[in-house]
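For reference, the structures are reproduced in the following blocks.
Paired with chain B in one complex and with chain C in the other, chain A is shared by the two complexes that follow.
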Partner chain A sequence: MKVRSYGVVMALIAIAAALAAPLVADPFWMTLITQIYIYGLLALSVDLLLGHAGLYSLCQASFFAVAAYTTAILQVRYGYPTIVAAPAGLIAGTLLAVLYGSAVRTRGVYFILITIALGYIIWGAVYRWASFTGGDNGITNVPPPSVAGFSIASQTAYYYFVLTVVILCAFGYRILIRSPFGLSLRGIKGSESRMQSLGYRTTMHLYAAFVISGLIASLAGVLYVYYNRFINPVAASFQISVEVSLMAIVGGSGTIVGPFIGAGVFLGLRNWVSSFFELHTAVMGAVFIATVLWAPSGIVGLVERWRPGIGKPKDQP
Partner chain B sequence: MTAAVAIDSLAKVFGGLRAVDRVSLEVALGERRALIGPNGAGKTTLFHCITGRMQPSSGSVKLFGDDITYLPEHQRTKLGMGRTFQITNVFTDLSLAENLALAIVGTDRRKWVWNRPLSAFPAVREQALAGLEAVGLKDRADDPVKLLSYGERRQLELALALNTHPKVLFLDEPCAGLSPSERQRIFKMIRALPREITLVMIEHDMDVALGLADRVTVMNRGRVMAEGTPDEVQSNPEVRDVYFGHV
Partner chain C sequence: MHSGILQAINGVSFAALLFLLASGFTLSFGLMRVVNMAHGAYYLFGGYIGLSITRYTGSFALGVLGGGLAVIPLGYLIDRFLIRRTGENHLAQVLLTVGIAFVLGDVALKIWGGDSLKVPTPIELRGAIELPGGIIYPAYRFVLIVFSVFVGLSLWLLYRKTQIGAVVRAGVDDREIVSAIGINIDRLFVLVSALASFLAGMAGVVGGAFLTLYPGAEWEILVYALVVVIFGGLGSLEGAMIGALIVGLLDAYGRWLLPEFSYFVLFGPMAVLLLFRPRGIFGREG
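Moving on, here comes the complex of A and B:
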């Protein structure tokens, strides 16, 4: 009872702070925070597989990028409105996950290697297929999203739009991971052989999780392309896939806020450190190593440990 | 009457090793069968081949008269096969109630529900508590399995298998590694199982096996070397030689 109200209070405080942010933050901070939400959502998509199903997917940037490119190309090159371009992006990214989902036939290091290879296919395609994707330059001049003549053009308006989508996703995700299906993923992570003997066709459960993860990553991709207003091959890179996994791990794998906290730490540090230190990626590496050594359950795990009163909250998966 | 389980000249070869060598075996409906034999006799491998964890190299497996040799494991569970593992195989990161919930919904469509929390299924919770009570773990329902002793984990191991509601239950050394008093506990639970459940139990302890089984099969070096009532098996000189010689 007490434990549960703690989680609810923290969530409400976080939402209230997020709602109030535009009142106090300058444009620089607004840009950064919006970016944190979007990358946090991408990190959340990684963590459905990593923190729940126990699969380490390194091609999440592919779904993100395919969704973003599809939306951008439809809007810029073919002049389709947002109402068509955005859902098309979502569908394209998710369809890619339906295709790439066959990777779940493998496990462990083979799964990791296959997803890396699958990730490079998309990166190579957007990079090399210049006539369609714009190659190195990517697609520029993506207009602000506009629905029924109402354009979400201002930074503040888009901030609130992203925040709403992220909050809705977090609620949906919470239901998903607490459902029997969500529990089945943690069962597979714990012991796949036992799950099979309990009657589960485990590969199908992992496949479903992979597609849902691809859907969430695609959503992040669509949000990203309207935020950034351009897209280039970096979005599809291996580096993005790795970074968002690190965000999930540093923030706290297996939780909902963890990936967002991780995104905040990574993007915040990068912005700050890169202003005076060229080797800012080394600092990121050090943060990650410190996490693995001293806080294997991430920042959320650290907070849990220090919190007065013992035990993990029950509503924390 | 068709047998609950019928195995016909089943073999499993690992490289050059014939771990199971043309074993044929029939277990009648409602029978309690003990499978004994020295370490490395091939008992666990035989179980794996029957339950679908492993594919036999040759031979066939029938469940209630239907050939299931090539059926995937999860489908055998739906047909009423249940099993426990010699090496405890429970979900250590989950609570006991969650462990049982996985077993309970594993054989029906509820396992696919993704848009409602598990807590929206009071019947599952109720069944989980009843299942835990049956193995004496009800007051630990919301503890993580991490906090359980080894003996308690063996009890949970049994509860997981029971909650898929098997018609034929395969128990692989349910008392492995337990103290005498813990053995007694598990032994009593198995004894108390309804007689409709056909039971096949691997057991190292001859006394336990003989005290529970209607019939006993003795394996050695991948082969069945004797089969009969506990009395017959006990008085078989060959068995006495091989089996008791090892103790």
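Moving on, here comes the complex of A and C:
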């Protein structure tokens, strides 16, 4: 009971702080925080597979980029309104996940390698198919989203919009992972053969999780393109897929706040380090190494371990 | 017709390079169950060091040898003190080695700068060879093919016909039994990982002479190597040979016939193959 109320209080404090942020933060911080929400959402999509289903997907940037590109191309080149372009982006990214979902036929290291290769298809497509995607330059001048005459043009308005979407997603995600479906995913992560002998169609469960993960990543992609107002092949790169999975792990895999905390730490650290140290990619690499070796359960795991007064520390696998 | 043959030679010579890189990757996975995403960074580092050696001494052969040798201690330290600690957790290995690759890539950028650099080749290899039928082709790439066939043959003989190879193959099949019958498996690991590092570093110098070296090259070449081992099957030397040929040819013809979709030409067949044979052509269940 105590643990539960602790969690609720923390969630309420976090939401209150997020709501109040625009009152105190300057544009630099607002940009960074919005970015943290969007990447946090992408990291959450990684963690549905990683933290619950035990699958490590390295092609999440593909869904993100396909959704973002679809929305951008429809809006900029064909002049469709947001009400068409944004859902189309979501659908395109999710359809790609439906297609790529065949990767769940494999497990373990094969799954990792295959998703890397699948991710490169999209990167190659957006990079080389220049006549359609704009190649290296990408798609620029994406207008602010507007629905039925209302335009979400100001930075603060868009901040609140992203925050609302993220909170709704977090609630939906919470329901999902606490459902029997979420339980069976964790059952598969624990022991797939056991779940199979209990009569579960494990591959179908993993496939469904993969598609839902693709949907969340696509949502992040649509939010990203309206936030950034342009999109280029970097969004589809392997590096993005790796970075968001690191965010999920740094924050705490298997939790909801973890990926967002991880996104905050990662983006905050990168911004800070790159302002005074030339080798900032090396520093990020060192963070990878340190996390894997010393904090595999992430920041949430560290906090759980040191939080006083609440029973025994739980071992997060 | 001419350009068709030309593309075939292009593909085979690229395959020759890919084999050098993928063979080490696949062997170290086969024996140690290590997925080393820093393999591309070894390639880049070896290439840069070889470049510096070639510039300093003026000898391309020394550069190739030195580039390969220089990566061995680096690979050993990374293997011994970092990768070994992750045990059999592939997820941790992938993240860890990607982190290592980021560090190495950034250090290389700091040392050798961001421009694309070409390893200077000796004068004798700079010309072109005229083939029967009037096809003119750079001599360097022919030498690369011959070199790679030589390396591949030596590896194959080492792997299939010598006692060390027999022990390594036994280790791939069952590590515990091999160490139980009194073979020092640790020494074997060091040997194979040194060989893998050497091959990657050497590939960097050889590849740097026609693909050039630049920041980000490590990831581009690594993805090709991954596709090679996915096609051929992880842990299989023969698979790496066949896989390299398939990837090299698909890539060459893809770039030629469908330049905007060359990645589809490469990855599309891979995806289809995986649907029917998730472990590649030579991969085994396990």
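By definition in this document, the second predicted complex is superposed on the first by the 309 of 317 C-alpha atoms of A that agree within 3 Å, B and C clash if a C-alpha of one lies under 4 Å from a C-alpha of the other, contacts with A are read in each partner's own complex, and residues count from 1 in each chain.
Following the convention adopted for this analysis, a residue touches a chain if its C-beta (ideal position, glycine included) is under 8 Å from a C-beta of that chain, and two chains touch if they have at least 3 such contacts.
Only a predicted model underlies this, so the values are computations on that prediction, with no experimental measurement involved.
Shared-chain residue A:Ser197: touches chain B; no touch with chain C.
Counting the residues of chain A that each partner touches, chain B and chain C differ, and the larger count belongs to C.
Once chain A of one complex is fitted onto chain A of the other, the partner contacts of A:Leu183 are limited to chain B, with no touch recorded for chain C.
By the touch criterion stated above, A:Ile175 is placed in contact with chain B alone, chain C being left untouched.
Only residues 175-176, 178-184, 186-187, 189-191, 193-202, 205, 208, 314 of chain A touch chain B when the two sit together in their complex. If you check the complex, the residues on chain C that touch chain A are 29, 35, 82, 85-86, 90-92, 94-96, 98-107, 109-110, 219, 223, 226-227, 229-230, 234, 259-264, 266-268, 270-271, 274-275, 278-279. Of all residues in chain A, those touching chain C in their complex are 50, 56, 58, 102-103, 105-106, 108-110, 112-114, 116-118, 120-121, 123-125, 128-131, 238-239, 242, 245-246, 249, 278-282, 284-289, 291-293, 296. The part of chain B that touches chain A in the complex is made up of residues 51-53, 72-74, 77-78, 82-83, 85, 89-94, 98, 101-103, 105-107, 110-119, 121, 124, 142, 160-161, 164.
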